[in-house]
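Next up: some structures, all given as structure tokens.
Next come two complexes, and both contain chain A; in the first it sits with chain B, in the second with chain C.
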Partner chain A sequence: MAEMVKLFVNGREVEVESGKNLIDAFKVIGIEIPHFCYHPALGADGNCRMCLVGIEDGRPPLVPACKTPVAPGLKVQLDTEKIKKIQHDIMEFELINHPIDCPVCDQAGECTLQDYYMSYDLQDSRMTEPVVVKGKRMDFGCGVVHDQERCVLCARCVRFTRLITKTGELGIVNRSDEARVETFPGRPLNNRYAVNVVDLCPVGAMTSRDFRFTQRAWFLTRDKGICHGCAKGCNIYIDHNREKYKDDVIYRFRPRLNEQVNGYFICDEGRFTYHAENEGRLMAARVDGKDCLGDYAAQSVRAVLGPKSLILVSPDSSLEQMAAIKALSEAVGARLSGYSEGYIKEGDGDNWLIQDDKSANRAGLSLLGIDAGKETFTRLLNSSEVLVSFDNDLFIHDTGSEFRQRLEAIKVIAVTSHDGILTKMASIAIPVASYSESSGSLVNIDGMLQHFDRAVQKNTPYFDMVELCGMLGSPVATASDAVNEIKKVIPSFANVEGGLKLTASEATNVPA
Partner chain B sequence: MSNRSKLIVTGKPFRYDQERDAEFERLVKRYPTRESMILPALWLTQEQEGWISAEAIAYIADRIGTFASQVYECATFYTMYNLHPMGRNHICICRTLSCWLRGKQEIVDYLKDELGLKPGEISADGKFSLEEVECLGHCGTAPVVQVNGEFHENMDVDKLKSLLATLK
Partner chain C sequence: MEVKILSAKFNIKDAHKLEVARQHGAYSRLDKLFAMEPVAVTEEVKSSGLRGRGGAGFPAGLKWSFLPKGLNKPVYLTVNSDESEPATFKDRFILVRDPHLLIEGIIICCYAIGCHDAYIYIRGEYTTQVKALQAAIDEAYSAGFLGEKVGGHDFKLDVTVHRGAGAYICGEETALLESIEGKKGQPRSKPPFPAVEGLYGCPTIINNVQTIASLPYIIENGAEAYKQYGTEKSPGTHLFGISGHVQKPGMYELPLGLPILEVIEKVAGGVLNGKKLKAIIPGGSSTPVLTPEDAKTVTLDYESMAAHKTMFGSGGIVVLDETVDIVKLVENLAQFYHHESCGQCTPCREGLGWILKIVKKILRREGTMGDIDLLVELCDNIEMKTVCVLSAACTMPVRSYLNKFRHEFEAYVNQGTSAQTDVKQG
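Let's turn to the complex of A and B:
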């Protein structure tokens, strides 16, 4: 915990964390200072002048709050007539050439300009001059679409490409009312984190081609989640909505602050993994090529499970699911493997968020003592008569063809959220809930334990994998059973405050 | 002011001639960081070609080791850099406060109405080009017009007419 300092805001004494600037320090205690250009990940730029505050100690009349560190005894004024006038005037400047096309703007509902207009402006335009016309629908590359007329020139996107990705594709060119964000001809956005500029943009100037015009922001339910795109486990918001007469569908992932894992950003690849949650799903249980009820399929699986079965665990499954599957294999005497080399894309990772390992919980396999070796798997597969895959896609990233011959010779059972090559080969296939529709715990590549809760509620929910294990004969049949089981196997997890039921916020991450 | 952010792509590669190449290497040692070389490098280009093309900006960025967007920003921010070929006589009219208050718009309107010359454009015969520029630092004798780098102070339409008559 950082050291606290006492200072005064509008004459009232408050206590805030030292080492922060006024914007960040006051935000924690619920006092908002309006700003466009400042962003904690990008630092203070001081170009928007919206955060000007007064300090009663003989300094120049007003100073930008983003560049002013907290200090003991500081007397900060936020609500003098002069400051209100400046905020009012800056808002008028910002809106001079703004198209005010909120009804067709994707940012409407989550737009800083809209919010500040209501809080600090509330005046009609006094402009009689024609507005400056700039570029619309500009393709900046990487799925980012730019509208120059909506831009407030805060330069957050420019600073992101220069300071964070160090690719520097964006710049503010020209000057005065002709200033605009541009890419250099022939050098569009070209980095694997580019769509973060859409989240950074305080207004509707940067939009995502993927999300544009699909949903209004106020219809979306924002649930916390963990990205399953790779082993980093970036914290995300799952924005989803159930339209009338339709099913609950995810419309976008957005990064969620977690200083210990991903900071303020996520990669583009992970951001777009939400498509896989909506599409390509296994819709109905199937036995010998015929659709059937899930319960019937489960009974059919239960009938063939035995010592000659090989159960394959997915490195994407949660700890709870892994524990339940492991308990199932022990109860029925089946063999167990977590083989999943196909999930690793060698050399794909970078030294920031993107990892080679495209599975979310490989660390969980080793913590629960599940063998993931190729040699063991091949030996077990060759001596088994039944393979039961629990959401492990042996053919992911075009791998696994070497096992095809053997798989065709034996009985294959696929318990899975997604349709694929394995489900086509399977004589029994059972659909289960995917990660956005269930809850669980993951251990990321850095040994960080994180919990996520159910976000999406399908009209017809699929089986929860842990409960399905119970139906198949596992003594671990509920999430709480699973938690107790994990605590037994991994002693350090018993120390996690309140068991494994973490609240999934940045404050509750604990190293496993 | 014209839309100065529009770059011209010539399709031909750009590089410094021998003399400017040596000058670049001499200047770059002066500065604590290579980014400081952006403005001198743009000047060298303009000296050599008379104007600065998209290829030249890419060349400068790669040679300095900075982002093309950063060189692009500088080249469009400063009105002294020409991003398209100029006429034989390049007329710059100050558009900043003092000159505006003292009647620069009449001069701009005269050029537009009489010669069909608009800011950022070049006349059909290539004799004149016009640009509205930021403060030239002669506010005390506003409005000021700069022709081929030479200052003409306290300008009005009549004075401009006689000035234009002397230009070839």
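Let's turn to the complex of A and C:
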């Protein structure tokens, strides 16, 4: 626990954490100091002047809160007429050259300018002269589209490329109200985290080509999730919506603050993995090439499961799913493997968020004692008559014709969320819910246990994999069964309260 | 009225050359300097009352004493030679006619503050000046006045000339530091002040060319001799650039404290062609304007200027006669400051452009009385809300024109004409 400091705000004594600036310290106790340019991950720049606050008896009497650390006895004024007038004036300046095109702007509904206009301005424009004309829909690369006229020149995006990715593609060129964010000629954004500038942008100047014009922000439901793009397990928001007469569809992933995992950011690849949640899904159960009801397909699987079956677990599955599958294999006497070398892209990771291992829960395999070795898998496969893959995409990388021939010689069953080569080979295919449609727990590459809840509810829900295991004969047939089983097998999780939710490790999100 | 302290060698042929300069006393104070303790040098400058000649008039010796003690970091001196304030043309004379005076001053300052690397930041447009200065520095190096052993004494000093690229804002001391560091010239938030965290994060003293060039005289003759000139609180002499509608525009070295009207009359020969005086810009374009009535009691020193709600500034006096259209003057002024706003912080970036647009609107005879009030309000809304004082450099004079010559703005609004149409344009 950080040291506490007593100071005054609007004449009232408050206690805040030391070592923070006024914006961050007051936010914790529910007092907002408006700001555009300050961002906790990017530091204080002091250019927007929106956070100017009064300091009683202070020299100077007016300071930017972002650059002012808390100090004992400081008398901060936020509600004086002078400060309110400054906030109003700054808003007026920000808006005189702004196109005010909210009806067609993607940021509308989650725009700092809009919010602050309602809170601090609420006056008609006094601008009678033509506004400054700047560039529109500029392709900045990496799927970032820039609108210079909407920009408030807070330089968050510029600082992101300089301080965080250290690639420095963005800069502000020109001076005065002709100043604008630009890339260097012929050198667009070129880094694997570029789309974070869209989240960082407090207004609609930075938009994502992927998301723009697809949804109004206020229609989106924001649920918490964990990115399954790699072993890092970055915390995300899953923004989804069920439009009238349509199904629940994900429109974007956004980073969610977790200081212990990903901080404020996610990588672009992870961000766009949401497409795979909407597309390429296995829609209906199939037995011998014919669509059928899931229950019938499950019965067909149950009928063939036995000691000559090899059950394949996916390193993307949650701990709960792994525990249920493992229990199933034990109940029916089948063999078990977690072979999934294809999920590892050697040398692809960086030393920040992106990992070589593109699976979300490989650590879970070893914690539950599931062998993932290639040798074991090949040996077991060669002596098996049935292969049941639980969402493990064996063809994620080219595996060679010999392997393919072997699969063609046996009965292949695919229990999976996605359609693919394996489902086409399979004599029985059963669709199951993907991670955004189910809940579960993961252990990331740093050994951190994280829990996620269901975000998306499809009109016709697919089988929950744990429950399906129950239908196939597993004694672990519900989420709570699975949690009990996991706690039994993994002693270090025995004392985790409330399922496997580590509430303490999940920082509350601070949308900056 | 004129005195010759800084300008002593200005009219000597080839005084920019080391040989000639030395015949007239250049570098003759070094033996005395190095016999003194650095602290004693600072004390001497403190007691001379020398004030920063860049415009703000902050006491130079006091500024030096703000350097943190016992820090294990280099200390830098940066000489501000950006001289970008419109109507200011004083430092250029030193750079071209007596650069060795500046170099000697740099040695004195560096010895006092313990600096071994000095930078001279010179505006990009000063091509003649930079050549003259660099030639003088090269000469000083060859003669041993710069380098490993300054003048044979156990003191190392390197001087680097850094050219700007044509931005007014780089005369602001922290924007200047950013520019030297190779970044876009944008002012830093203060604190920390440069004396604590300046160039490359190290303690840095930034002084104007004229401030530094005043040092050799103080070291040679002592603080008391320097204080013989000027007033008690504004001692010494200053290079005044007098321009505009006067008979004899030019640069004159004068002691501080002289009545401004007398200087215009006697030194600059009075208003051009015997016209009536309309207004005086006292110290560069950013200083609030004086009417002839105001000017009656104004003397050329920091205190008198402040008492008349204007600023001493850079000593660039602009005399405006009765033919001047104040609204057009404000347009010109706003155009300049809008163009030169670095664009970093909101009020200045957006506000100065807005001011310019409104003034243009008034000049197009489309303005309203409300626009004039809006101009006044915008000045208040912008000023002192920004990172640096560039915005104030625009709003302070603009406000003064609006207050003192409001009728000229109203003439455009009401009659649709300039208040100057009845005066024959000179």
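Criterion: the second predicted complex is superposed on the first by the 493 of 512 C-alpha atoms of A that agree within 3 Å, B and C clash if a C-alpha of one lies under 4 Å from a C-alpha of the other, contacts with A are read in each partner's own complex, and residues count from 1 in each chain.
What we mean here is this: contacts are C-beta pairs under 8 Å (C-beta built on N, C-alpha and C of every residue); 3 or more make two chains touch, one makes a residue touch a chain.
For clarity, every value in this text was computed on a predicted model and none was experimentally measured.
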| item | value |
| --- | --- |
| Overlay on chain A: chain C relative to chain B, clash or fit | clash |
| First (chain B), second (chain C), both or neither touched by A:162 | first |
| Which of chain B and chain C A:46 touches, first, second, both or neither | second |
| Chain B versus chain C as contact partner of A:62, first or second or both or neither | second |
| Which superposed partner A:187 touches (first chain B, second chain C, both, neither) | first |
| Which of chain B and chain C A:331 touches, first, second, both or neither | neither |
| First, second, both or neither for A:178, with chain B first and chain C second | both |
| First, second, both or neither for A:97, with chain B first and chain C second | second |
| Single chain B stretch clashing with chain C - from 3-11, 21-29, 93-101 or 111-119 | 93-101 |
| Intersection of chain A interface sets (partners chain B, chain C) | 171-172, 174-176, 178 |
| Chain A-facing residues of chain B, complex | 1, 3-5, 7, 9, 54, 57-58, 61, 66-70, 72-73, 76-77, 79, 134 |
| Chain C contact footprint on chain A (complex, rising order) | 44, 46-50, 52, 62, 64, 67, 85-86, 89-90, 92-94, 96-97, 126-130, 132, 152-153, 171-172, 174-179 |
| Contact set on chain A toward chain B in their complex | 158, 161-162, 167-176, 178, 180, 182-187 |
| Chain C residues within the chain A interface of the complex | 167, 169, 184, 189, 338-354, 357-358, 360-361, 371, 374, 381-382, 384-387 |
